Amino acid sequence: MINIMIYNEFVHETEDDKVKAVYPDGIHNAIKSFLSKDEAFGTISCATLQDHRETLSKEALDNTDVLVWWGHMMHHKVDDEAAARVTRRVLDGMGFVVLHSGHACKPFKALLGTDTDKLRWREAGEKVRVWNIAKNHPITRGLSETFTIPRDETYGEPFGIPAPDELIFLSWFQGGEVFRSGCTWNRGEGKIFYFQSGHETYPVYYQSEIQLIISNAIKWACPLERICIIDRGVDNVPALEKY
Amino acid sequence: MINIMIYNEFVHETEDDKVKAVYPDGIHNAIKSFLSKDEAFGTISCATLQDHRETLSKEALDNTDVLVWWGHMMHHKVDDEAAARVTRRVLDGMGFVVLHSGHACKPFKALLGTDTDKLRWREAGEKVRVWNIAKNHPITRGLSETFTIPRDETYGEPFGIPAPDELIFLSWFQGGEVFRSGCTWNRGEGKIFYFQSGHETYPVYYQSEIQLIISNAIKWACPLERICIIDRGVDNVPALEKY
Amino acid sequence: MINIMIYNEFVHETEDDKVKAVYPDGIHNAIKSFLSKDEAFGTISCATLQDHRETLSKEALDNTDVLVWWGHMMHHKVDDEAAARVTRRVLDGMGFVVLHSGHACKPFKALLGTDTDKLRWREAGEKVRVWNIAKNHPITRGLSETFTIPRDETYGEPFGIPAPDELIFLSWFQGGEVFRSGCTWNRGEGKIFYFQSGHETYPVYYQSEIQLIISNAIKWACPLERICIIDRGVDNVPALEKY
Amino acid sequence: MINIMIYNEFVHETEDDKVKAVYPDGIHNAIKSFLSKDEAFGTISCATLQDHRETLSKEALDNTDVLVWWGHMMHHKVDDEAAARVTRRVLDGMGFVVLHSGHACKPFKALLGTDTDKLRWREAGEKVRVWNIAKNHPITRGLSETFTIPRDETYGEPFGIPAPDELIFLSWFQGGEVFRSGCTWNRGEGKIFYFQSGHETYPVYYQSEIQLIISNAIKWACPLERICIIDRGVDNVPALEKY
């Protein structure tokens, strides 16, 4: 059973009527709702900006297999120590599924080391076509070669990421942009998946393909052991003599 | 002409007679000495722990094409803002050649995002055999398939790095260890090369193969333009309409 | 249930008493024997040089999830059409686990495109130390950071492979060589794993770590669907109009 | 001085008036024409389907640093031995720049090992937007972040290539497709660049950005030494004793 934690900033949904209309209980609960139907998943907890100092405690993170992260305008309000706890847990094996504007959150930036907050963007409600370029990958299980998102925010290259270990999705946007919209990285013992779709003003997380991708990604990112520490020796003995 | 900055911690050489005997003017001057003979190189400046707040100023870094870094026991004493300036410059195009125990320095850790300070090690003066597995790469220009370092510190896997973009050297150590001893990464617009050899108590930087590798790496890491900034647009205009 | 096919050249074991003493029923049966104890595996079939034109038929391959390959001196005697059928099946999703001197077999060379038959080697019965550099990978599940093979053939870099998608194991050899001894590649929809250990004159395939690696690799290489064909459209209709 | 060979099928231009109108002297001469203005280039030779058995002789290839390849409908008419000579030369260091429908040529397929001939395509004269996602790469020297090709054939993912070592360009097509339009691979000691643009019915090779990309790619692909052979030893002597 995979234990999941969903972090959602949960500010737009409380302040902006347009967003509230789409996600009345918050994006985290929309995601929790579809994940709850999958028997592969165990405990599904939630954290928000308001409570994250407690909900992203060391103990909670130690009991988490995969952390899903959605944030947007308040990345700078996330506590540095909480962000450092997340970063540490990913290096020690916790899976990390980063959604949409989560690309600018502190742990993702710290783990990748580059300007992951830099990309082109435009809120124009354009049509998006997602292309699956990794058919035999666990993250695309059950998906066809392409699908449409009727309206979403536009993201465009150049995206300030290091070269992904695997490129899973490429997206086409009506206005002329393209984007590496599904990427994986291994960092330490943790597996990271970034997925671009999911602006707060569109019902993207109610779309079946998006739900499948997030569910698949959580299963893919789940570590073999919840906490995975490498033994590098501390005794200064040559391998030839020791083993 | 390539402008080079060499950072050396320069503490061992002033405090430890054994090290002083090998590098009386400091490791930085040993490196500067052989680089000075190559006409491809322009200004070669040096920085040490003691003066790095000034010598690694924004202006100095803006005039640097490639920064070479050697440090060991005093990484924590490096100023956070100076480290951040280095990190920023690499993302904006400055080459970064990290030597030996420099793997634990702040900018290298920040750029790679993982536990780059974690590896096996042993100060036993063992024989090292370096294997070149990228013959047609600029960094190995003029090198044969393998060479020996008579005595050096032993490093061993697992090394806590993200998968390198290119694996250039693998090293064999007498006591049973192996190490990914030459690795490259692209981060932002900057090119990074890590090379494992070069403990302070052995005359490794006087060895011709090592000198060739460092010179080659600097030429490889030099950016096409000294400062390389990406235009990602700020005007929210669809690419179709704009270009 | 994963359907497995094991190809073994099966010539050494019939002609060389030294090999016969180690593998009296052939390497394929030694491998089949330990795989048979794992409930994850379904049908386990065998093919040899003598019968491979029939045992590696299209129908047999279509019913195979993962093909394990051991060969040595008779790669040139493998039928070109049979080799082409294997290559095709890997591109369409079949997993491919290539062992030891199988690096020079026709399908592996065809799939990777380079001089995979080129490496250093020496039959000296040296001690081998295998280093696991991918702890949280399905292929290393249950393995520690390092283990020893008491005696095996020595392989050495430079190995004529394209850069692996994932580097899993590095090996150290007593005589001074190192080798990328565990590598993965995705080719088409198929997953490929090469593992270096296993010379015919040593009881390597009776060693528990080796058995674990091969079992893990088969599970890792098994495709999501046995035959996985990509739809690229044939109707020349723009994606915008079609979907 | 870089010695260049340009292979062009040269059939469309002789049989199809529409193509002849765009490239009256053949695509190879259009490419040769702009390359000839660059002083970095030495001898620039041409080969066509009709003469390639002689023009792609071993001697000619041994004197070539970089081979540029354009072909379309007659890949199957290319002599197997000539294709094998090209493949061998790339593994031994010759650069290989493959253009547009050259993705299906024999040497490119042999070097990459996958279904490089498989992709979506549509001859609809659509607008193409090329995005440069590797600003500080020699192949993009002098290019901005994006440019337009007014009309070209549409290619679409999934493209049957192995993951490129470097992804340089992504293209957006009017009809909803995206494509990894600029990719590099290292194979053996040779460097390979594939570039998607350049259908025979459009004046793409007269466009300044395209000319710059091809010139840059040739410089990037040029080997350090024209023929680059790896020494792997033949004497079975342990590295420890030999070096």
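Every chain is named by a letter (A, B, C and D) in the order it is written, and numbering of its residues begins at 1.
Quick note on the criterion: contacts are C-beta pairs under 8 Å (C-beta built on N, C-alpha and C of every residue); 3 or more make two chains touch, one makes a residue touch a chain.
Since the model is a prediction, treat every value here as computed from it, not as a measurement.
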**Prompt:** Which is the least count of steps on a path of touching chains running from chain A to chain C?
**Reply:** 1
**Prompt:** What's the chain with its C-alpha centre farthest out from chain D?
**Reply:** A
**Request:** Could you put a whole-Å number on the gap between the CA centroids of chain C and chain D?
**Result:** 32
**Prompt:** Which whole number of Å gives the spacing of the CA centres of chain A and chain D?
**Reply:** 37
**Item:** Two or more partner chains touched - positions in chain C
**Value:** 129, 135, 145, 156, 158, 163, 165-166, 172, 176-177, 186, 230, 232, 239-240, 243
**Message:** Touching residues of chain A toward chain C in the complex: what are they?
**Reply:** 93, 129, 135-136, 138, 141, 144-148, 165-166, 172, 186, 189-191, 223-225, 228, 230-232, 239-240, 243
**Fill in**
The chain C residues in contact with chain B across the complex are 129, 131-133, 135, 145, 156-159, 163, 166-167, 170-173, 176-178, 180
**Request:** Please give the residue numbers of chain B that touch chain A in the complex, ascending.
**Result:** 91, 110-115, 118-124, 126, 154, 156, 158, 160, 162-163, 165, 174-177, 185-188, 230, 232-233, 236-241, 243
